[in-house]
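After the structure tokens below, expect a handful of questions from me.
Chain lettering (A, B, C, D, E, F, G and H) follows the sequence in which the chains are written, and residue indices restart at 1 in each chain.
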Amino acid sequence: MAVLTRINSDEVAILLIDHQSGLFQTVKDIDVTALRNNVAALAKVAAIENIPVFTTASEPNGPNGPLMPEIHELAPHAVYIPRNGEINAWDTPAFADAVRKSGKKKLIIAGVLTSVCVAFPSISAKSEGFDVFAVIDASGDMSPLSTQITTARLALAEVVPISTAAVLSEIQKTWHRDDALEYASAYSKVMPPYQALIESYQKAVSVGKGE
Amino acid sequence: MAVLTRINSDEVAILLIDHQSGLFQTVKDIDVTALRNNVAALAKVAAIENIPVFTTASEPNGPNGPLMPEIHELAPHAVYIPRNGEINAWDTPAFADAVRKSGKKKLIIAGVLTSVCVAFPSISAKSEGFDVFAVIDASGDMSPLSTQITTARLALAEVVPISTAAVLSEIQKTWHRDDALEYASAYSKVMPPYQALIESYQKAVSVGKGE
Amino acid sequence: MAVLTRINSDEVAILLIDHQSGLFQTVKDIDVTALRNNVAALAKVAAIENIPVFTTASEPNGPNGPLMPEIHELAPHAVYIPRNGEINAWDTPAFADAVRKSGKKKLIIAGVLTSVCVAFPSISAKSEGFDVFAVIDASGDMSPLSTQITTARLALAEVVPISTAAVLSEIQKTWHRDDALEYASAYSKVMPPYQALIESYQKAVSVGKGE
Amino acid sequence: MAVLTRINSDEVAILLIDHQSGLFQTVKDIDVTALRNNVAALAKVAAIENIPVFTTASEPNGPNGPLMPEIHELAPHAVYIPRNGEINAWDTPAFADAVRKSGKKKLIIAGVLTSVCVAFPSISAKSEGFDVFAVIDASGDMSPLSTQITTARLALAEVVPISTAAVLSEIQKTWHRDDALEYASAYSKVMPPYQALIESYQKAVSVGKGE
Amino acid sequence: MAVLTRINSDEVAILLIDHQSGLFQTVKDIDVTALRNNVAALAKVAAIENIPVFTTASEPNGPNGPLMPEIHELAPHAVYIPRNGEINAWDTPAFADAVRKSGKKKLIIAGVLTSVCVAFPSISAKSEGFDVFAVIDASGDMSPLSTQITTARLALAEVVPISTAAVLSEIQKTWHRDDALEYASAYSKVMPPYQALIESYQKAVSVGKGE
Amino acid sequence: MAVLTRINSDEVAILLIDHQSGLFQTVKDIDVTALRNNVAALAKVAAIENIPVFTTASEPNGPNGPLMPEIHELAPHAVYIPRNGEINAWDTPAFADAVRKSGKKKLIIAGVLTSVCVAFPSISAKSEGFDVFAVIDASGDMSPLSTQITTARLALAEVVPISTAAVLSEIQKTWHRDDALEYASAYSKVMPPYQALIESYQKAVSVGKGE
Amino acid sequence: MAVLTRINSDEVAILLIDHQSGLFQTVKDIDVTALRNNVAALAKVAAIENIPVFTTASEPNGPNGPLMPEIHELAPHAVYIPRNGEINAWDTPAFADAVRKSGKKKLIIAGVLTSVCVAFPSISAKSEGFDVFAVIDASGDMSPLSTQITTARLALAEVVPISTAAVLSEIQKTWHRDDALEYASAYSKVMPPYQALIESYQKAVSVGKGE
Amino acid sequence: MAVLTRINSDEVAILLIDHQSGLFQTVKDIDVTALRNNVAALAKVAAIENIPVFTTASEPNGPNGPLMPEIHELAPHAVYIPRNGEINAWDTPAFADAVRKSGKKKLIIAGVLTSVCVAFPSISAKSEGFDVFAVIDASGDMSPLSTQITTARLALAEVVPISTAAVLSEIQKTWHRDDALEYASAYSKVMPPYQALIESYQKAVSVGKGE
């Protein structure tokens, strides 16, 4: 049956799992700068829309390293929930309970590694009845092959693979809103060529004005 | 259940969304010359078959830039419908209504970015009961990874990913028709090596004739 | 529902569509030498097992060029069925009827271009109730992106994507048969590194024998 | 219907099929060192958890070569079952019976070539009612295209594509266990950058301690 | 000793060798559309500056096919010199003599295949004392590896590898000239993204003007 | 004869040519974010060491767009010299004179496009006796092939190809200096993985301290 | 000083070194089928022109495996010279002496691995005053990076990197000769797309003739 | 003038510079496992031949991390020389003096990053009259583009780019020596497919013996 779920900002929570500086060094399917920028954009949009954000880290005192600081800087309302060794964050009762108590029935999940830290809680949450979106380009894995494998597994589980740009746009819905500039700032993280586009545009308009 | 929908020219409308010069600069999953040629071929075939075409653009007075002019040049019957800031063209009542009023139940959709401007209206239309074909290589996205993610999402939604060449051929059906040469001209846009093939062929036939 | 269909030699027919020298020049998703070798291996195995083979070509007197001769050389029992301009071979009554009259309910289809010449008859035959296998690496398309798009479309149609090596092995079933060497010869077309493997092996055995 | 099957160590058996030195030379979709390391990690984890392991080889006295020795070294409890020429290991009664008698209802399968030695027994076992996971990066095939084709076929068959890292993590479940270091050693095979990560970490901690 | 030769339009002749439709089908180091566009741009600039152009073809009545027609269309003053089977065009006395009689001491050479049809006459002419520039991206070869090999061979021969864009710009010298628009039109062939750039610019200027 | 020239901060001037937002959209051999970061790092180091910087732009009121603003922000002492249509900046008397008057005999040149805006002034300056370093990854060109061609041309001219990281390090010479942190900040632009490295290190040191 | 050496058939000897089935399995910079075809084409042309060919193998009774048989089949006059463990074939007195006694002053060398079996004897022979051509695509190495490194080393040694197609054409010189068809057959090994080109051509000529 | 320098074990010293766990995380032009294996092989061969080895590290107490331990484990005679902040190891008097005092006139240099830690001391040593070999695949850099740039710079400086396999073979000279097995063990690090080759060979010999 066709999976047609859409995202509205008041229905979703965002789960950002194990975006840690050590784990980033093992990511080979996406440029880490792009990955961090995409995660930061999700955090920023969550702050704009007041979407609940839950973060967690795997053994942050060990080689996996600390959580990237941008998330909590950009989304000060995000809640960090420590784990007691569980690899699947959903196996940590405090984490799953926090998500359940948010009352949101649709989850947007990103993390490192995609095949583990995203796939496991995605399937667990789906099994409990949540609609789940896995943000593949705000996540990272050990190889492009691993990402391809994991995307196929998620599709079989009817977890919806989605891009960061799609999450942002699906939440924003329209440019006809007062906080449009805040969204523009979030996009500028996700789409680097847009910066040169704006520079060229502004200059050309100013030429048109005879400035 | 197997999705076996086919395309007949009298059943379809074509939606070409946000093919704008600024957005083209952000496309990294396909050569932009190829992308423009594919879009032009869709426009040309729509003109041959009198298939309804609906175009729209996202903020064309801003950095996203103007619509590529080839579409309305090649398909003068195409209808342009402005939007009021909505990111999902289907959220623009005038746009969705125009499509509904065409009476066509199968939609062929292309646009830039694939993950946003194609995926959102595709899923919206599918939810309303339309059969939807997403022309991936007449669309463009920020990265090959994003295209791979979006193709998986569309498949989950039972939106059919399709190539430009397949759309053209499925509409043409046979070379045994009076306007076959017009189709040949459309293909020459989509398949550049075919040009050299025809040159070689004509020369060799002429050698055979002893010319 | 899981698609679990397997191939037995007495249940299948093989359809080889538009493997023409001109069209080969437009193929960019696979090395054409490998493509031709894979098609030849299918023909050879069809001859070994007496599997019905139906070939056809699109406008072979024009730039698309003649059918590759290896097919009918290796499978002299193959039946060539001309078309009258139809792009979808299944739309040629003589072609579809020949396949129907073979009495086989499972079809193995390969051709050039994958997105057109393979996809269209595959979906048509599937709609009529056949089980269909599309041999992607005995087919060719204009770009890797087009192959990726088409594989997704075929999967939605529950047409099974399959590799040439898998077709050969699934038909052969066991090495414990009198004609095993004929199969070995077919594989040598499909797997070039195997040639060096055999050379190394034979030399080493002979070293072991003190020769 | 969503495929949501998870892996628990007491429910699964591992089938390692045709990981032979000759066949390795035909693998082009993954670096063979990585492939062997991934297979070794599966063997090691099977030993830790006492998961039944069944190995087999295709004509190991011929050019396909001997089984990689690491499997039985790391998993001394693994059972090797010879075949009598059958290409699909599941067609060897002794092999399929051994798996059935293990009483496990979920199978983790890896092998070379993916499109043949993994795909055939995966589909056979799925047809008998087993849940099957195909470990794509502990398997190898003749080309990336062949892997892409096979992943699509497996997904249609509702065989779950999975990465080695995901299998390990899904079995381990938590770092809060006495044998965590044994798992760490298994991961070090699968994730080479982790070695440098640990070295850097230990040095920095020691700097912090003023050592 | 440093090779510091520059190009001035009154010192050079352009040699375009074996740009034939059949040979184009063997080119794998550059997209053939881009290759043809680059050759066409050289022809156009030669026409603007009245630079002598010499063309020739290898066995144009055979499978190599006819010369691409754009050259003589865009540079009607170009001189076509047939060969009598010689592979190195410089070995055809009529060809080398025509070049010598032009009185130009610097040669710009492009052709298909780079490793043969460009490399041989480049080295021959260099041996006679000409300064030679080999336009690698207005030429084509059988593989990227072959291009890399040939670039190294040319450098050893002190034949200067150069890009089409560099040839155009080095001849044009300044935008402060009456025929600047003709150059702009030549560049638009060589640099496809520039088309969208101009569209965006013109629209933005017009927005600035309040149009 | 071996070219062994080294860089000392008091001997060099830096020429940054045509780093404009429109031209950036035509760059395909390097990620534009990386390119801008590399240019910014050169500017920053020039400011630290008070190295003369000369910038210029090609038709900045047209589609080529305005100069990237980071250069003059980070190097407020940089001198912008307008051109009057000359493509080779060295052909603009005011530009070449400014460089000559700086008294520096070694030039570090970067720009867009490499094959034109870097290659031409590099060869002109080399012809006048300057030692020239061309910073390839602080420059951009239309294709990787074009960069490969241009690198070969520059080497023939004994212009030294160099990376941004090498320029920075060759100027810095030692970490044993008071302004080492300013250099660290410049490197962080050029080497994105270094950010995660520092985060991991600081955390691990703090773990070692028992914090 | 410019290296302008050309090849004439009566001046050269061909050295084919260590083209062994085991070593082929370690080659990663070129498809092994292409490599073998290129070597075979060199052997065939040597036979046509009666160019001396010297072959040798490194430990052919060990894992390196036997020499590819095509060489001596196609060039029955080739002389095989065994080695006594020397890695650089030129260090084997019998090998170097045989080459010296051939009286040829220009050597065409190919082998596996390029960085060892080609580079060492190339540099040794060059040191003795021979002109040396290294046929990079009739040789193979462990990685594309290794080939790039080795090409640079050879260029520094003024050993000329060359492609197989260039060697063939430089020896053939003209199509206006009685044995042109034998050359055509040699090229068909080296340029696979040419086969389809000929098929298309012959069919089109026959269409032209009204056959 | 042709650079024809060869390597003999008694003429060389090996310099291994900044192979540190932190810096490894910034390497993107070669797989780090391969890089470490190549460095280890150099160390092992140095131990076999008693070639002087000098190591050094850049700020090993900071984020750059500790030296990879394999070097000093495999080459216990290697001498570690600390630096006082100098980026170019040759600028550290103790380092350059140690090398000079070794009396060796040919240096084999590898390190991370190639463009800095290898290029700078290579050019410095070359300026002092040493012959220098830069082992590119036992070194690592931030991008393949940076490696390509640096290889060109080194070639201009007549520093010889070389592969690890070539260094090993050039030192070993012959398999006809008592310690051949030690070399075989060093190669097995550098050439992973060789492991499967040996396994296949030994099995086949044993089959030949009837074992």
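Basically, a contact is a pair of C-beta atoms (placed from the backbone, for glycine too) under 8 Å apart; a residue touches a chain by one contact, two chains touch by 3 or more.
What you see is a predicted model, and the numbers here were worked out from it, not measured in a lab.
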Practice task
Could you check if the interface between copies subunit D and subunit H is built from the same residues on both sides, meaning over half shared, or from different ones?
Solution key: same
Completion exercise
Greatest Cα-centre separation from subunit A belongs to chain G
Problem - Whole-Å separation of chain centres (CA-atom averages), subunit D against subunit E - result: 54
Fill in the blank from the handout: dist(centroid_CA(subunit A), centroid_CA(subunit E)) in Å evaluates to 49
Exercise for the section: Can you check how far apart subunit E and subunit G are, centre to centre, with Cα atoms defining each centre and the answer in Å? Expected result: 30
Problem - Touching two or more other chains - residue numbers and ranges from subunit G - result: 22, 25, 63, 65, 148, 152, 155, 158, 193, 196-197, 200-201, 204, 207
Problem - Chains touching one another, given as label pairs in label order - result: A-B, A-D, A-E, A-F, B-C, B-E, B-G, C-D, C-G, C-H, D-F, D-H, E-F, E-G, F-H, G-H
Handout entry: subunit B-facing residues of subunit C, complex
Key = 22, 25-26, 58-59, 62-63, 65, 84-88, 91, 113, 115-116, 119-120, 123-124, 126-127, 141-143, 145-146, 148-150, 152-153, 155-158
Handout entry: Residues of subunit F that touch subunit H when the two form their complex
Key = 2-4, 6, 29-30, 136-137, 147-148, 151-152, 154-155, 158, 160-163, 165-166, 169-170, 172-177, 180, 190-191, 193-194, 196-198, 200-201
Exercise for the section: Report the residues of subunit C in contact with subunit H in the complex, numbered from low to high. Expected result: 197, 200-201, 204-211
Handout entry: Touching residues (chain side subunit D, partner subunit H) in the complex
Key = 21-22, 24-25, 31-33, 60-61, 63, 65-66, 68-69, 192-193, 195-197, 199-200, 203-204, 207
